[in-house]
Amino acid sequence: MSRTHIPVLGAGASILMLATACGGGGGAADEANGEVNILGYAAAFEDNYTAAVLDAFEEETGITANFVPAQNSAEMLGQLRSESGNPTIDVVIMDTSVANTAIAEGLLAELDPAEVPNVENVVEMGQNPDGYGPAVTFDNLTIIYNTESVTEPPASFSDLWEVPDNSVAIPAPPDIQGIALTVLTADEIGADYQQDIQPAIDRLAELAPKVQTWDPQPDSYQLVTNDSAQYAIAWNARSQFFSDESGGTLGAVSPEDGIAFQVNTINAIENSPNPEAATQFIDYALSPEAQEAFAAQMFYAPTISNVELPAEVAERVSSPEDPSIVEIDWAWMADERDGWTELWRRHVIGG
Amino acid sequence: MSAAKTTQGTPGAAPGDTSRPAPLLPGRGNRSRTRWELLALLIPGLIGLLLAFILPVLAMFRMSLNEHGTAGALVETISIASYQAVLSDPFYWQVIWNTLVMGFGCALAAVVLSYPLALFLVRTTSKWKGVLIALAIAPLLTSAVARTFGWIAILGDQGMINSVLLALGVVETPLRMNNNMFGSTVALVEILMPYSILAMISGFGRLNPALEEAAGSLGASKFKVFTKVTLPLTLPGIFTGFLLVFVLAISAFVTPRLMGGGRVFILATEIYNEATQTLNWPLASALAMILLVVFGLFILLYQRAVKRIDQG
Amino acid sequence: MLKVLHRAMIVAIYLFLLAPIIVVFFISFNSSNRLALAFEPPSLQWYANLLSNQGFIEGARVSFITASITAIVVLLIGVPVSLAVARYRFKFKGAVEALFISPLVVPSVVLGLGLLLVFQPIGLTGTFAGIVIAHTGITIPYVIRTTLMSLTTADVSCEEAAKVLGANSWTTFRRITLPIIFPGLIAGAVMAFIISFDEAVISLFIAGSGRVTLPVEMFRYLQYRSDPEIAALSVVLILISVIIVLVVERAMGLRKVMNG
Amino acid sequence: MSSAQAHLELRGLNKTYPNTESPAVDSIDLNVAEGELVALLGPSGCGKTTTLRMVAGLLDPSAGEIVVNGKDLVGTPVHKRGMGMVFQSYALFPHMTVAENVGFGLQMRKLPRKEVKDRVQEALAMVQLDHLAQRRPAALSGGQQQRVALARALVVEPTLLLLDEPLSNLDAKLREAMRREIKQIQQRLGTTTLFVTHDQDEALDMADKIAIMHNGVIAQYAPPEEIFDRPATRFVATFVGKANFIEATEVVGRGGGRYRVSSDLLGTLEVEGVEGIEAAEDAALVVRPHRLGVRRRGESSAPQIGGEIVPGGPVVPGRVVDSAYTGNVRSLVVDVPDGQQIMIDELTVRDRALAIGDEVEIAFDPDDAFLVGSR
């Protein structure tokens, strides 16, 4: 390329950058301490995580932390795949089963324990055996119901089999809420989900008449709040959050018959543009300060052992030490998810 | 004086000497220039089409030959595994069948409902004709997402219809009209009807009131006039409307997604799920290729049928 | 008797056709956030909420910009193609015409997936350029069809007359052809704009986490929330389309072109 | 008025469209003198419009030359040929006013604005439309549009004026008025004009010379009277005017275009004919219906021909099988002995009408018969 072209290109590039900066809301990109781009869930998660963690991180380190929202983990994987040659993202917060796929495709980087000292505080269940990113949030499956139209709140998942027809919203697989429900159902009837899932599927098929929708649109929290559906299975963190938002119309249950954890991991991206800021951010995200703040903000359970939650928060989030936890091997599940989805379609939804 | 040349005995062989559009610049010396002009006119369009249409379809075909590896990883290879997975699985045959049934049902319902309206609009001499036509086509100007939302409000368990029925005591529990195939189909019929109305109005050009009056004056009953004159003359319009709705219905996604309640398994929703939820791009691509083939076959059949009608 | 039945049937079909729009209209003035038609005093709160919904405002901005650019781009590349098809003789003309019409018969889910596969590796997802390219593909058939229609109904001898009178190809196009087919061009551009503005499926595929058009924003909103705000937005959109159509109709006689 | 020097000359002009076997225009030659108005007359599909479009430059000839003022125009693009053309649809530019339409060609010639304005004014005055200069074409009647088209073609002072069925979109009355007007303007300006029509009356009325085209070739090129009285072929005889054909059984040339012709119906006559006929095969006598006289058989007076008594000539018996009254002329169809039917146009006379079934006698002057050859 000849010399004269460079200023032209430079001008073009700066116009482009200007344009993106304006569109993106104008963050000062080149602050002295650099920046870090975090890919995570959109909507409520984005708002609360930014408020509880990103802002504090910026204040503490001077590094600009940008939250890049995605609709779900699959979309995040799509984005990571597409820019694998030239990543723009430094850190991703995604579901552990999808993270396993990303690891298999070489999209994520191993963490150096020396640079991320807080990793060792992560509880056993949240550790990655191969040295990739650990769990950053725990969440668990719960039941929500409309407190105005439901007089007898359910206490356990098995109560859902007793509710009126056409009143439940269940996000079916491939949504992991459906997957988790399958595991809990297997556990309930004493079957090993890794050996034979058919009994659980048969049991779930009996639930079909009760179910209004297998694909809640809008999501379960909205459906239950406005009484379109009276019951739904949902994630605890959002349930607690929307329970407050709805002024108590939405009620969340701590199910007696088992707790299924959903795990979001935090990972560094292979060949990311800001590797140091990335490790710094990951370490901060695993600090007691960040974990406590986000738990208080949105009721995601902390993944580290050295936290002290205020009592009113603690009683609304599950603890990884809870004895009724039904352990789910999400890495194993990554391969089984398609198969289970098929079983649901054929025998649960169709049946 | 006298003839320059005598006539030849080839009766009626001369082609029509009018109505052939001339190239913009004829003239012997300008042939190559004409070719350049032609290229200049076509190339920007071809580039646009290449980027926006041809490359994507090719990329999708290529992707359909890749494999979905363990833990959901994408494996670059050349294999027909995804096609095998689809075609050897009765579930996907069911999906293809559902798609066709829904497309057919929507097209049939839309045509049945559009036909009287289109006939009315073509025949009416009301001074409101313009407004009436505009009203019939107006839904086209309203986002399909918004109209789907409207249908949820009408057909939902607590929607308008169920509220009225419950209040009147006609039913005790709400009728299930949303979150299933029924609701999606009803909404889709309404959403796609303006297309068939438009197709019919413009396809009814051959319909001339004088013909129907002539048939009537020759002693044909109203029913006979309809079956012998009106129907045959409007058949091309009906066919175009049917095809249009069918094609749009089997590729519809937003409405079945928002109103299907997870119970409606059609190619469009499966493709979206595989592409954005399960991230099984090879499978999604294979499904898309299959949808494309189903489409192509249907359009081929359609053209055959139209040809037969035109000849018959 | 038969006439009354016929009238009733026509009215019923109209009702069915316009039902969702009517319902949306009434819901948008609801004061509660229930979807049902409640007997509550009307309220404009959902319209007020629209003004502070950043997602919708940004979506509308993206949709407006991309739809405008799409309409212009499609005119610029579609009109020459129509001109070539209508006024030149060449081999494979039928094939070329069919090729340009073919995006019309490819399901948008299929095209959306294909575009996603092409755009992701080159980073075009969620960008203005990506949306414009995608929408160019699906709107080009409409522009070519309306332009071709005006070109074939226009009297070719006008162009010939101009040439006999001494105008070259370019002058003939500029002074004669273009003014004559202008209403058709505008109709095509308006159609392209409306289709691009309303298009949801392809945009959904290629939106990613970047620029999001209004229909995608609405679709996503509906996945998390269903309150009358979306109804208010729909009413605003309907009003805008009606205004556009009225203005174009007044200025150009759109109906003539659409009916022609 | 026709000068010997050819202004337009077509030499072996041929047009064969791709994917067709026989040519649309089959190597025709044609000379048009300065200031002449020549009509190309023929049924649709005969190649007349194709010929005109080749002259205009709107079509490329497959072979041959188009020579104007001694220069071959083939290869010259249409916009550089300097012709004036009036189209069947008039092809007025709908988005321009009458004045803008007429001024378009002058603008293309980059004339000063003032001159354009004056010449437009002049041209519009010539066609009596100066008061409508600011109207749009859509607001004009058919006749007015026609005049605008004519003014637009003539204002550029074209080397050739080409008229493509210019009157076919007008109603019958207006058409006749426009014929005269066009002819007068053309004569006044002296513009060499090529004129395509399928209407024989128009061609006979307006043209200095008529080229009858048939299946891509020129069947006869001659002044109107000659076309009518001395048709070169059976086609010309039937296409221009009505004609009775009486098949010849024996033809003996007498030189100078005169023949002794024998026929079953008429016996032997001496008549004029197309030069070069050698055999009786397919040769026929052409007799125009209005040149035949007819009387009721047994009536004492001689048959009437054109209202006059004819002293001699052949007399044929027959019986009236059809009779149509059209005001000044009664058209009769008469069965004659050889099984043929003869058409007769008789000027109507008060109190005398032949009816169907009447036995009649037909007579004519042999000078009114003309022998045509096989084709």
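Letters A, B, C and D mark the chains in the order given here, with residues in each chain numbered from 1 onward.
What we mean here is this: a contact is a pair of C-beta atoms (placed from the backbone, for glycine too) under 8 Å apart; a residue touches a chain by one contact, two chains touch by 3 or more.
Fair warning: this is a prediction, and the values are worked out from it, not measured in the lab.
Visitor: Identify the chains adjacent to both chain B and chain D in the sense defined at the top.
Guide: Output, common partners of chain B and chain D: C.
Visitor: Go through the assembly and pull out the chains touching chain A as well as chain B.
Guide: Neighbours common to chain A and chain B are C.
Visitor: Across all chain pairs, which one has the most C-beta contacts?
Guide: So the pair of chains linked by the most contacts is B-C.
Visitor: Based only on mean CA positions, could you tell me how far chain A sits from chain C in angstrom?
Guide: It comes to 37 Å between the two C-alpha centres.
Visitor: Where the centres are mean C-alpha positions, what is the separation of chain C from chain D, in Å?
Guide: The answer is 55 Å.
Visitor: From the C-alpha centre of chain A to that of chain D, how far is it in Å?
Guide: Centre separation, chain A to chain D: 90 Å.
Visitor: Using the average of all C-alpha atoms in each chain as its centre, how far is it in Å between chain B and chain C?
Guide: 16
Visitor: Which parts of chain A, given as residue numbers and ranges, touch two or more other chains?
Guide: 71, 75, 78, 81, 217, 228
Visitor: Could you list which residues of chain D touch at least two other chains?
Guide: 57-58, 77-78
Visitor: At least two other chains touched by the same residue of chain B: list those residues.
Guide: 22, 25, 156, 158, 258, 276
Visitor: Okay, in this complex, where on chain C does chain A touch?
Guide: Contact set of chain C toward chain A: 33-35, 120-121, 123, 125, 208-209, 211, 220, 222-226.
Visitor: Which of the residues in chain B end up touching chain A in this complex?
Guide: Interface residues on chain B, with respect to chain A: 69-74, 89, 91, 156-158, 173-174, 176, 179, 257-263, 265, 273, 276-280.
Visitor: Help me check something: in the complex, which residues belonging to chain C touch chain B?
Guide: Result: residues 6, 9-10, 13-14, 16-21, 23-24, 27, 34-37, 73-74, 76-78, 80-81, 83-84, 86-90, 96, 99-100, 102-103, 105-111, 113-118, 133-134, 136-138, 140, 156, 159-160, 168-169, 172-173, 194, 198, 200-201, 204-205, 214-215, 218-219, 222, 226, 230-231, 233-234, 237-238, 241-242, 245, 255, 259 of chain C touch chain B.
Visitor: Of all residues in chain B, which touch chain C in the complex?
Guide: Within the complex, chain B contacts chain C at residues 21-25, 34, 37-38, 40-42, 44-45, 47-49, 51-53, 55-60, 63, 113-114, 116-117, 120, 130, 133-136, 138-154, 156, 158-160, 163, 187, 190, 193-194, 201-202, 247, 250-251, 253-254, 258, 267-268, 271-272, 275-276, 281, 284-285, 288, 291-292, 295, 299.
Visitor: For chain A, which residues count as touching chain C in their complex?
Guide: On the chain A side, the touching residues are 23, 39, 42-43, 68-71, 75, 78-79, 81-83, 217-219, 222, 226, 228.
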